[in-house]
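The next block holds one structure in the form of structure tokens; read it before the comments.
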């Protein structure tokens, strides 16, 4: 066990997987010096051929990754910010995600797209939106959003070893957060959620940066005698709906907490699933807490009014009691 | 009243609005000869300056529209297929949708993006996906998807007159469908749904090509004595949730039917909203009927297995009874 | 000599297959959209004749010709066009998504310009794996106005990748003439913006195409980087099958233009040249034609007798 | 003569404002990211000095300089950087989204290349409305590898729009030198691919920039279409403020390069030239500097005493 930052965990995962499998390589803007995602230093070990600084050409680079993936390599494409995926969406959906299916199984596209997702650091409208619902809605992608450094390491290793295209989202506001990381080949399988806190009264489903906020809300609520169970699906697609449904079967109450926008967001999906499949267990209307449906404002005061707060989570839990 | 096709209705709406307001202009690939959206013939009346054939450059054209919109014009940008919006997403979200908000209200961007949405004609994976959930999820866009020619005309006129960016989606499979269109300046306000069939037992919310399927299902169910109310929100964002909630308050049962993919889709949003806000009225778990979560296959047999069918709607209604 | 016959064979295979597809479409037997390559055969054939089986190509919405030029199978193609379970993509792909990974044909593509980045990635892959494979991206004049073209060519240039960018300039994107929407007459000029060679070739002259492709392939294999080849060509038919009915009289190509074009049929031209050069006798070529035509007819029969895909198969081929 | 002083004033306003912003950022007083324009002032100032108030400009992530060059207000800018309600965007925009529509400044842009299409649209708008306004798109060398650049320039070319594409080639995109990621040394060469003029200018020479911009503006106003101007320049600081701490010793510019660059400070150069030309006395320029510095100081005070935005204001400025 060692305490490491989220970014350091990512770097460890990348380095370990690149050592393990020579077909894994990394490309993106400034991956050599590294802007965010813990790519700094890898160039020294793996050289020009496996740590490739690309032009600022998200669409082209995302698509080139697919070409490399279907011809035998395992690219990791670092596109820096989630919102830059808007530029690459065509190649991600129409090529990476669709190739295997539309070609009748002839291809596989083991590729990881890696970005920072969401807001919280006053980066402004163009850099701060949480984009995961888009990738949850389009078919045939896997979507991962770890809520702490340990999960980040384990899930990134799983994503790299997976034979399918994976969107790997690091919550922007967690970049510097630290967690204890198990030694060795720490691996977290895709599609498995985790109960981050046990509780008998209410089930919260939250991912990414919202997990910590939900845990803080749970502590506050515990003082009022309300025991909240906090589930982190970790993988958003395919997600561990059984874990959530099983929990709701026990608690009978459900709150979905997600940073993305409220309409067709992750919280919408979780709430719809619970009401569809655990209806008979529900003692109260499921509640959603999502980001406000506006572009991300720059001012810290405004931005924190847009991103779900601990208070809002507390209030939502109280609504279901 | 005259019976016209969906495409003809769109052309009428365009021509009438272009006559009414000289700041309205149209641009897109082949809008002069017209591929789909009823732009054929407009060039003869409005000339090169207002009917502009553009290069095949979705991102650039979508963004140029924003530049024209914030400087006093009202562009209608025809991008042909909904899936081509993937290429234009950055400009639509980061510029068209965000401009007013991120610039603190200095700008307005009255622009309409017009495409065919969804599948049903064996156009294959790259042309057939229903993309509306993406635009419902990102902030500050209006999203319209009329289910028949009359609504198409009225809503397109409303979209063109609206001072905000609007995504106007014509269901691909309805292009040739006909409906009676009221004479004169037929106008359907954005944000207002319509009850397409009254019923006391179950509420269906369905949009676009799924409205007709839901109505067919309702007929079948009526034979079993099940009276289904079919609501078409028509505008997907902002949507007429009051109309649906009011209906569910009467019926106590809810089915969401949408062509888009099941995760974070429109049906997810509708089901989540109903369970959150009309929970106490619900007598059964709300059900969703969505497209299957795969790329759109080419074979008509496979494609019709992917798109929600009348049978599936019937089955879903039976599940809530 | 043999190479010329090889090229001609590829072209004729394309032509006969496509003619049949046109007929089937007009009879309402094929679902979806169909874009024919008729008139442009010299480009795909001339280029693919320079390639090995393990080289890669990535194609467009007008992709049948490329599949055939790379050595694709009539039966599996035709079955795919009919949406049958025996098709290349088990009926999931259709005309715009035919692929044959066993011959390095990485797929047609319904998105204009959408295949170009993939071809660059295949070239990158060859470089990183240390093979001498090359990768070819076919795309149209219209596609050269997409951002994907620009980003892809630049990426290949700076990474010095073994990629041929082959622009099939048929002078139209759908119904719009290129000069209305393209700032430059010669797409090859754009190569200068990426510091790579740009070559113009008569795309109706298969042997000329073969030659410039050979040079570009040699460069690529030698690790000297990408080339942009612009083949000036034309399509004999409409943008898509059924266009005439669809356009309902909306004409966009003049009679003179059409006549001029007819006079430059790449297959007629090569046929004539082969006889002049003594590469083949009229009889040889007639026999070849019959063999090919027969194979096309058989592919239709194969497609017809093939089973439809099972509806449950929508859940296959999703994730590995 | 007056024009030279005007240009110099714009440059110095940028420099003093930016220096202050740098200090404030290093003191942790400004939220978010800040990218300074220091070293590149001659480009924005030289170009904007050729423009009318009703002409348009669209900027980049490195946008403060463009706002000031076009005549923006220090107070509202500084307040925006502090995230205050009195800022240009009421605190909703921040450094990367400052706009002033009243002076035709249509916004900075956090997305590399993201502002280029908008500038083309503003030019299209001017053409369709029959005005003689022009529109200027500023963007970096890195941005010229984005698809948006390619699509935008081509669109402006074929529509013959009154647009100046001004590439501020500071030779880096973040920490990557352009030659590693850009297929060509001179971005201006790319103009040939769109059939428009491409001009290279020394971007540290404000008067040279002014001249080429004037020619391009005249062309644009006369309906003769767009021009691509490449201004070779350099940034004196890091890609973003705080870079040194961030990179933790990861160096990407050599000492020689930095020294060479320091010798070409555009403001020092113009200052010297103005004295030589007798445009101004040292005293004049010193006074000017003091006036500007004072205005910068006041803008900080203004920002500090301005109210924070109310949290409820997140629901304002959504839809019209």
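By letter and in written order, the chains are A, B, C and D; residue numbering begins at 1 in each of them.
Quick note on the criterion: a contact is a pair of C-beta atoms (placed from the backbone, for glycine too) under 8 Å apart; a residue touches a chain by one contact, two chains touch by 3 or more.
Because the structure is predicted, anything quoted here is derived from the model rather than measured.
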Most distant chain from chain C by Cα centroid: D
Gap in Å, rounded to a whole number, between the CA centres of chain D and chain B: 40
Mean-CA-position distance for chain C and chain B (Å): 35
Between chain D and chain C, distance of the C-alpha-averaged centres to the nearest whole Å: 45
Chain C residues counted as touching two or more neighbouring chains: 89, 91-93, 97, 109-111, 114, 145-148, 150-151, 154, 158, 180-182, 318
Shared interface positions of chain A, touching two or more other chains: 54-55, 57, 59-60, 83, 87, 90, 94, 101-102, 124-126, 140, 294-295, 297-298
Category of the chain touch graph - line, ring, star, complete, other: complete
In the complex, chain C residues that touch chain B: 31-33, 80, 83-84, 89, 91-97, 109-114, 142-143, 145-147, 173-176, 180-182, 247, 250, 252, 308-309, 311-315, 318
Touching residues on chain A, where the partner in the complex is chain B: 59, 83, 86-87, 89-90, 93-94, 97-98, 101-102, 124-126, 129, 133-134, 136-140, 237, 260-261, 263-269, 271-277, 279-280, 282, 284-288, 293-295, 297-298
Sites on chain C touched by chain D in the complex: 145-151, 153-154, 157-158, 180-185, 189-190, 192-196
Parts of chain A lying in touch with chain D, wherever the complex brings them together: 29-30, 32-35, 40, 53-60, 83-84, 87, 121-127, 292, 294-295, 297-302, 305-306
Complex contact set, residues of chain A against chain C: 25, 49-50, 52, 54-55, 57, 59-73, 75, 90-91, 94-95, 99-108, 110, 140, 142, 163-164
